[in-house]
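Next come two complexes built around subunit A: one with subunit B, the other with subunit C.
And then the complex of A and B:
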């Protein structure tokens, strides 16, 4: 009875075109923003921040990035981990070379750097398609990780080969540390929240604008798109650039804000690429909401399994990790068979039902 | 003959034999891809699962032992018998056939007619699932696999090359055995697909699904057949790699190495898989030998992919693949 669009009239074009045309949705969105920006920072503690909220926000950015490339533009990439590493190492080099720089600039610059690398590796996509391209992106994954492992300049010739984030401030007039051991969890949380909010707003508006329509035309059938006047060079490369920007920002945040110290093969390996790919499959290909849902699901699942199997049934952790593989694999197949559009589609189906509820027609 | 040239020859020989191993994995991919258009990412994990199962049966381990122990508080690990290698191999083959049936029945039957990329992602899910099942069934420790294949340096080659060139080549007996087995496997596969009724059905399905259906070939049956064959190829590959470096998780990563092999050779060609494997094997060994030391080594991690990437830009269908014609 709550979810109704009756009495919700649009009198201007801009009202008709808004992202949340139904008032109830819009209120829900503002409410979620309010909770996220104002309420949670006061309630947050280290456990919630480190095991759930911050990884969720960071992976949501990566999932949006990959969704732009795979879900909207149809180019499957298995190089996400490598591109995240580019973001992380760019931010490390910037942090150590320019100690005065604030974190917002560093993270944005890391994103731009990754976008450039992404475009370079996206160039073959003009000739190679489908899973040929997926395999080609593996070249990016393995080459980039190898490079960050072998070339000493990237990790400032440190003995362990690790990189660790020094303490840096939020913004040049907000002198709160975001990275390093003295950073408080609410500051880290707000920093990530800010990026997620701005980037998902940009992504949503890009994907429904002319650029997004070009991406989707390429995804649905690239030759037909070319015939009706979509420039495949421009569409594919912008998708690679924007996607890599997001992935790079996410990789930078994962290193600077969340982990603090990183060994490249461990954190940015091929498993990370698959993790993000699974997020968008489960969440929903071609949906911004789906990226959030998938990221939340994949972050929550290990925590939930640990609570259930290790603490509840007192299995050992190895066994619980094996169960995680089985469950994730089965879910991937289940979603691809039953609902290829993922959790996002289930959500919109639920909303359709809610509009009629409690009446059947 | 200069030393460098002799070293290079040894590197090339070892690269060739390594390439045979890649080809073995790639072969399983080609079989499934030709018949069903599914690009089976899980092939490497199938090799891992097959090898694990073989070791488990051979040593008389209790399947799902850890799980049973964790649930019922028991402490059982072994049945207390040991199965001879041949019987264990036969039982593993049966398990791989059962696996093929289950995969077809519960997953890919429901995905007929989907886009290739959806099928590809489903096989990634399958790979994760199978890896978890394999860990649950047999545990995730490294296991030694011994089915009686020869191991160690080949003395004859060592002595002969030492007499002829003044430097003894180091060639592993196991690699030679792998090359011979791979050759037998390929020839029997080709014979099977050319001269038997099932083989003809397989080729018909590979050619055109609808036409095959209309002359009364059961697609379901052919697909189960193909997955079983791929399972057996996976078993062979798993045994080879397992004897070489122990049965462990990294075995499933060889699947990734097989991908550039396929891209070079073309997805639809069995000879292509072999030639592609040899090119990649030699290429990465030579690159590591000649240029690796200058740029920090461990280049075999990425060389194959970059080679395939560069190659594809110039010839998108691979060496032996069918020409890709696209229509709107």
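And then the complex of A and C:
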């Protein structure tokens, strides 16, 4: 009733190929964009920005990045935290070395730097697969964190080994601070929203083009892919490059926009790699929507539970923290048992049902 | 997702209405995770003292205190969330009990005009109040601690550490790395060799580090540990048969739970403490008004132990500043700005401590616009196998070593962030 394609005709190939072929879907997408870009910036306050929306947007980028590598190209990576750290430290070095540089350039450059590092660590993927590759990327994780701790140049020899983000502007003619304590919440939010919008649009179109099809061919069966003419070197390394670019951008934003001061071992440790991996497993491997759903699940649910348990039901803070572990853990198991393909699959099933509703036969 | 956010929004709106006419003291505590052993007694002491003030005196200056707890699990991201969620309730002063969270909060609190009190942790150079207008780290900081330990060792070695080796076993984080620069300077000055041995979060794996100590046999091992790392280090020291008298922790590595497990084997282990131990009249009052009344934050078993006492001391310093703020502003419902001004004018002398029922709990000190750091004095205590015994009186650090480092580091911060000195006449 609500959700159907009746009367929705495509007269050209480009209409038929669009991401949201159903009008209702498309309108929903435009509506969400409108809300995100125009309405939220006027309503947002510090708590909403810093506790919910900004971390959600940043982790969504990381989840898309890992989904490209693991979900689309089938290369399991546990190095996400380390690659995020590369993005963060690149932007720190750029911010302190070139004070005039704007944040958009810094973030993009951090992404490119991470892409290069990612390709270097992706080289072993040509020889090793599956669990063995996971272990190789795990080595990248530990090596990178160790390096950022060990080499003083990366943190400008500060006494504590922490890096902290100085105040920098949005873009070279938009003089609004995005980083530092004086940055307004709505500016930070819009900055992240811009990156999320552009990057997810690019990711969506990459994955349904020839590059994405090569990745998926490699994922489904690499020998067969090679026989039909997919170059595994090119496919795997582009997946590593694009994925690391996304992960690097997300790591940079996490440091510059969200946290402002970072200690590599704590923020970009192995737990971060697992967190992003859980996001894409829960959200759905090989799905852009799934990346968003997974990030929302892992970022928003603990905060929501905290609000409910501590502020709503006046639980003791420790008890509520333990309950959060139990509830989030139970929900993860529940979702994986009921729907092993993640929230994205649940979403598409729901859409399927809506299309038939109210006449399911 | 949309549904979740709507639910979260409504519950935030329902819960977010602040109760007026309270003095709000947020407590960013951690009762879970690998650092909970230290976080629980501290948070209990903080909350219980505030409850005592409400029960016994009807609050501070007639206004009740309210402690808002928020669980951070010693994690910086959760710390930011806690800061944002408690700030709106009219928070007067933040005490995050985490150096990592402190680094995040320094710029934020400065912009939001809320004082930040990092008692014996956090960014050492914040002692320079000229640059760090809203950050206070009295009565002591890490560089003082490093200097105090070396001063004590100098005294034991007849004034010279020439040719000795000292190993620093530190938590590989901003917290653990803080003393390195001071110790390096002191090593140059006093002629001892410093070995830096890092232990990664959470500190449960220390086999390699103690193998190195066993091999190199340094004359002293100085530890900057926290949470589970302390217990493990003490146990490893026993296993490697390192002489316990030569193993010295800082003030976050010397609480009851760190050594109780090892018990008599750990006898001889020494640590610093910034607050004195022993039976104080205030404990009886807490027992009577808070614990027996069933209002304790925890189960009451921590009463009087090292970190409980320190949490209580932190609450005492906050309450004294709040009382002073009421006096200075002439209003009973003070704002964070009043609180900040009062913290900058705070004087803690023997009579104040006596009046609060905790005679001699800390050193006497006075805060000023330039000096947010207090005296930096600390005592040395020793574990005798059953309890902590105070060894020395308050030992002074060598300000001629720490002060130039403070000025240098804060000048760098001021330059990076474009901060003008706030104190007029300096």
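Definition applied: the second predicted complex is superposed on the first by the 330 of 361 C-alpha atoms of A that agree within 3 Å, B and C clash if a C-alpha of one lies under 4 Å from a C-alpha of the other, contacts with A are read in each partner's own complex, and residues count from 1 in each chain.
Rule of thumb we're sticking to: a residue touches a chain if its C-beta (ideal position, glycine included) is under 8 Å from a C-beta of that chain, and two chains touch if they have at least 3 such contacts.
Quantities reported herein were computed from a predicted structural model and do not represent experimental measurements.
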First, second, both or neither for A:69, with subunit B first and subunit C second: neither
First, second, both or neither for A:52, with subunit B first and subunit C second: second
First, second, both or neither for A:296, with subunit B first and subunit C second: second
First (subunit B), second (subunit C), both or neither touched by A:322: both
Subunit B versus subunit C as contact partner of A:336, first or second or both or neither: first
Which superposed partner A:199 touches (first subunit B, second subunit C, both, neither): neither
Which of subunit B and subunit C A:178 touches, first, second, both or neither: neither
Partner chain(s) touched by A:279 [first = subunit B, second = subunit C, both, neither]: neither
Contact residues of subunit A, present in both the subunit B and the subunit C interface: 149, 318, 321-322
Subunit A-facing residues of subunit C, complex: 1, 4-5, 7-8, 11-12, 14-16, 29, 31-32, 36, 40, 69-71, 73, 75-77, 80-81, 84-85, 87-88, 99-100, 103-104, 107-108, 110-111, 123-125, 172-175, 177-178, 180-181, 198, 200-201, 409, 416-418
For the subunit B and subunit A complex, residues of the former touching the latter: 39, 66-67, 70-71, 107, 110-111, 114, 116-118, 120-122, 124-133, 135-136, 140, 256, 259-260, 262-263, 295-299, 301-302, 305-306, 308-309, 312-313, 316, 326-328
Residues of subunit A defined as touching subunit B within the complex: 74, 76, 124, 127-132, 134-136, 138-139, 142-143, 145-146, 149-151, 221, 223-224, 227, 270, 274, 277-278, 281, 313, 315-316, 318-319, 321-333, 336-337, 340
Contact footprint of subunit C on subunit A as seen in their complex: 46-47, 50-52, 55, 96, 149, 159-162, 164, 166-167, 180-182, 258-263, 265-267, 269, 292-293, 296, 300-301, 303-304, 306-308, 310-312, 317-318, 320-322
